[in-house]
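These are the structures, in structure tokens.
Common to both upcoming complexes is chain A, partnered first by chain B, then by chain C.
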Partner chain A sequence: MKRHLKLILLFIRATVQIQLEYRSGVFGRTLANILSTGTSVMLLWAMFRQVPSIGGWSFDQVLVLVGIVTTIEFVVEIWFYPSLSKITTYVQRGEFDVLLIKPVASQFLVTFRHLQVMELTGLVIGLTVIGVGMHRVGSVTSFNILLLAIFLVASVVIIYSLYLALSTLAFWFTRIEEVASMIWLHSTAGSFPVAAYPPWARLLFTFVLPVAFVTNVPAQAATGRLSWEWGLGALAFATFVFCGATWLWNLAIRNYSSASS
Partner chain B sequence: MPSFRAIRALLALNYGISLQYRAQSVLWMINGTVPLIMMLIWLQLAKGGPIGGYDATTFAQYFLFMFLARQSTPTWVIYLMDRGVKNGELTPYLLRPMHPVWHYASEHWGELLCRLPIILPIVAVGLTIADAWSWSLLAHLPAFVLGLMMAWLINFTVHMTVGLIAFWSDNALGYDTVIYQLYIMLGGVVVPVELFPEAVQSILAWTPFPYVLDFPVRVMIGRIEGFDVLAGFGIQLFWIAVLGALFTWGWRKALRQYSAAGA
Partner chain C sequence: MPIIHVDHLCKDYQVHQKEPGLAGSLRSFVRRKYQIVPAVKDVSFEIAQGEIVGFLGPNGAGKTTTLKVLSGLLYPTSGRASVLGFTPHERKAEFLKSITMVMGQKQQLAWDMTPGDSFLVNQAIYDVPDQDFRQRVGELTDMLELQPVLKKPVRKLSLGERMKCELAGALLHGPKILFLDEPTIGLDVNMQQAVRTFVADYNRRTGAAVILTSHYMADVEALAERVLVIDGGRLAFDGNLSALVAERAPNKVLKLQLAQPVSPERLAVFAPVRMIEGLTAELLAPRGNVAEIAARILNDVPVADIAIEDMPIEEVLGRLFQRKPMAEAAK
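Moving on, here comes the complex of A and B:
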């Protein structure tokens, strides 16, 4: 465990060193992030000028939801996109062999090798929006914050597992580069309460593209409206997809036949 | 301006390339389904009665044609220019007897040709399910297609102009995200522009963004009629001219700056 933590720190240092070469981008991207979150909130406000509630949620409650979507989007951008989307490249170029002979689990290596910690500002924006929303709802209690933290972790585990599973498919179909777009779609669909969709789409957004568990459950936890069925459901779902993705990864490794000589 | 034969050859080439990578195209298209998701939400909301003059049929038509408009105007030219400058891929294009713009544009057209056979049936099926067919759509079709072609040009020149940043900075792709957000969110993909607060609408009217997606869609579903359609085309032309001039000017400066990496 200690060895793994040490490795993660080393990886972060290496990635930061590369990023410092291109630091001009950080300021611009922070500005872009503020602009895009601002536009989302403006659109939300425009919607609520026309209707009193969306799927039974008030403006402030949906605001918390937008904050959660933003936070998760940035976890993807900082962590999963830079790390996991390289799997395809490794496999295509046959570089994967090098990873396999390293003395740590390959899943650990592909998961933590490229953490773009310089982009943390985005995370701050997301958490700020959640905070403002919770304050306006009047649900800022330590219990709700604890619940929010637990279910945010569950969301991150779900997204990670789906991302890993989709990227693992690269072993069989070597051209899946735009896996990330699936996740972006997720962030649009997830910016609204699942109850706002027609019934057939609710099923789709719970089990196929699980925005119900990933965004709705943490938002309900933060605003003190989480039912225990949904809470347990989210935790069970997270465990299930994590085990599934790890299993798929190991299966892929066993069947991997190098692309290089 | 290259000859018709040259353009046809480029188009055939890029159509072939797009066909080969169609798995990727499908994933891009999934990403472009946001208007359909928003349609589901607005249709649920409109069950309680029309919202801001939009009833269920209007919402269905608006977002289905928004889907079509969104899928016909995507632009990844900033990415192409960034790559071209960074690893010198631009150099061979410069040696050819036509402006590199034609290469970039034809890559987008090839992709579009691949997409249309998938997009159009989705729109047709959507209109049928939502029971939103009407004869007036047919009457508006020519104006819609013309508006969409000009919209494509606006979007493409905006991106080309912003893409010039690639010649001076290694972070042009960061601006791609900004432009994309504005194009999507202010274009009406999430909330129809007519339902924006009036103050926001009047500010937006001074930008090219509502003229890319919202304007052609509103022409198609008959929410803009008569003289206003002509005025809209006029403003579209204005933006194409302004942005085109800006691009031409910037391109000259950029080429003087270009040091052909990897050449």
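Moving on, here comes the complex of A and C:
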């Protein structure tokens, strides 16, 4: 455990060193991030001038939702995209041997090797929007914050697992970048209350593209409206997809070792 | 004491066959056709602690496949490999910590880090205690003269500098077995020499076994006393390098520097002429009476200089590999 923590710190240190060489980019990106989140909020505000609620959610509640989508988007950008998108490169270049020969689980190495921590400002923006939303709803209690933390972790686990599983398909299909970019769908579909969609779409957004679990559940938790069925459902789903993705990964590695040249 | 046992090892690859053209691609997308290609066929050998063994063979002979089975990257199709008492493909952490692999064609150091930082990552990955780590980095830095490059990002290093850093990075955990797959590929002659000297030194100092494949005969000649010749997936020879030359090259090469032009016919009387060009000529003389032939030539032909040499190993091997299919066909 201690060794793994040390490795993560070393990996972060290394990526920070590289990114510091391109410092000006960081300011530009922060500005772009603020503008893009600001635009989403403005759009929402314009819509809510016409209707009092969407799918039973008020403007302030949807604001929390937008904050959560932004936060998760940046977790993907800081962590999963830089790390997991390399899997296809490793496979295409046949560089996987280099990882497999190390006495550390290959899944750990591909998960943590590249962390773009310089994008951290995006995370701050997301959490700020959540905070403002929760304050306006009047749901800032330590219990809600704890729930929010728990379900944000569950969301991150779900997104990680899906991304890992999609990238793992590279072992069989080699070119997979296009498919893996599906992972960004949650930010388009997820910035909206799932309850606002017709029933068939709700099913789709719960189990196929699990935006309900990834974005709606943490937002409900933060605003004190989470039912225990949905809460348990999200935790169960997170456990299920994580185990599934890990299983698929191990299968791919076994397959790779018996087939590659 | 043997630390590597390989027993009737076979490895087949399933190769996915794609028909040409778009229609073919679609067909093979729906229903994939596989062909089984045997890469290693029934190979057995043992390697002892402290040995340096060279794997020789033409491209695609199965050298790298054997190396990958031994290092645990590939599952054997049948047969058994045991390395340091472990079954390699189980890839137990304990096993992986006691071996290392350097692949000339694949880079292990992170492109974007300095070698020094990569070494720290390896220290954490292999769980090397601080004291051992500092001592080994010190030793390797001296032996490989790495001081000036440790703080430069890997992407700014020359190929040779990078290979030296790769070697250092691969040895920080004090492995008992080194698998070197084409470690000198693409390096200039001086750098090849430096890598060879280092590997020999390292083997002497630590007693680690070294198993290497190389296209450069000079690598194998300089390092390995024992060679395993793998051809068409089979073990064609296992033994001393000089024994290989004696066995497979019954002729020695007589190199003549002529004092004045001589016709090939006149030389052919003594022994088959391998080549003649201006005032230099080479004859192939049987090992047994090479001295006698040389003496007769010196008597009868205007020779300025004469030298008796072994056949270059490349050529010996070239013949070995060429002869193989014929021998197969004869069966």
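Criterion: the second predicted complex is superposed on the first by the 254 of 261 C-alpha atoms of A that agree within 3 Å, B and C clash if a C-alpha of one lies under 4 Å from a C-alpha of the other, contacts with A are read in each partner's own complex, and residues count from 1 in each chain.
The working rule: a residue touches a chain if its C-beta (ideal position, glycine included) is under 8 Å from a C-beta of that chain, and two chains touch if they have at least 3 such contacts.
Since we're looking at a predicted model, the values are computed, not measured.
Steric overlap between chain B and chain C is absent once the structures are superposed on chain A; the two fit side by side. Legend: residue contacts after superposition of the two complexes on their common chain; A:V76 is shown touching neither chain B nor chain C. Shared-chain residue A:A170: touches no atom of chain B or chain C. When the shared chain is aligned, chain B comes close enough to touch A:T188, but chain C does not. Of the two partner chains, chain B is the only one that A:P198 touches; chain C does not reach it. With both complexes placed on chain A, chain A has more residues touched by B than by the other of chain B and chain C. Using the contact criterion defined above for the overlaid structures, shared-chain residue A:T39 touches chain B, although it does not reach chain C. By the touch criterion defined above, A:V129 lies against neither chain B nor chain C after alignment on the C-alpha atoms of chain A.
By the touch criterion defined above, A:I18 reaches chain C but does not reach chain B. When both complexes are overlaid on chain A, the residue A:I54 reaches chain B alone and has no touch with chain C.
In this overlay, which is a superposition and not a single complex, chain B and chain C have their closest Cα atoms 9 Å apart. Against chain B, in their complex, chain A makes its touches with residues 22, 24-25, 28-29, 32, 35-36, 39-40, 42-43, 45-47, 49-51, 54-55, 173, 175-179, 181-182, 184-185, 188-189, 192, 196-198, 201.
Contact residues on chain C toward chain A in their complex (touch as defined above): 13-14, 39, 65, 68, 71-75, 89, 91, 93-94, 96-97, 99-101, 103, 106-108, 110, 112-113, 117, 120-121, 124-127.
Of all the residues in chain B, the ones that touch chain A in their complex are 21, 23-24, 27-28, 30-31, 33-34, 37-38, 40-41, 43-45, 48, 51-52, 169-171, 174-175, 177-178, 181-182, 185-186, 190-191, 195-197, 200.
Within the complex formed with chain C, the residues of chain A that make contact are 3, 6-7, 10-11, 13-15, 17-18, 94-95, 97-98, 100-104, 254, 257-261.
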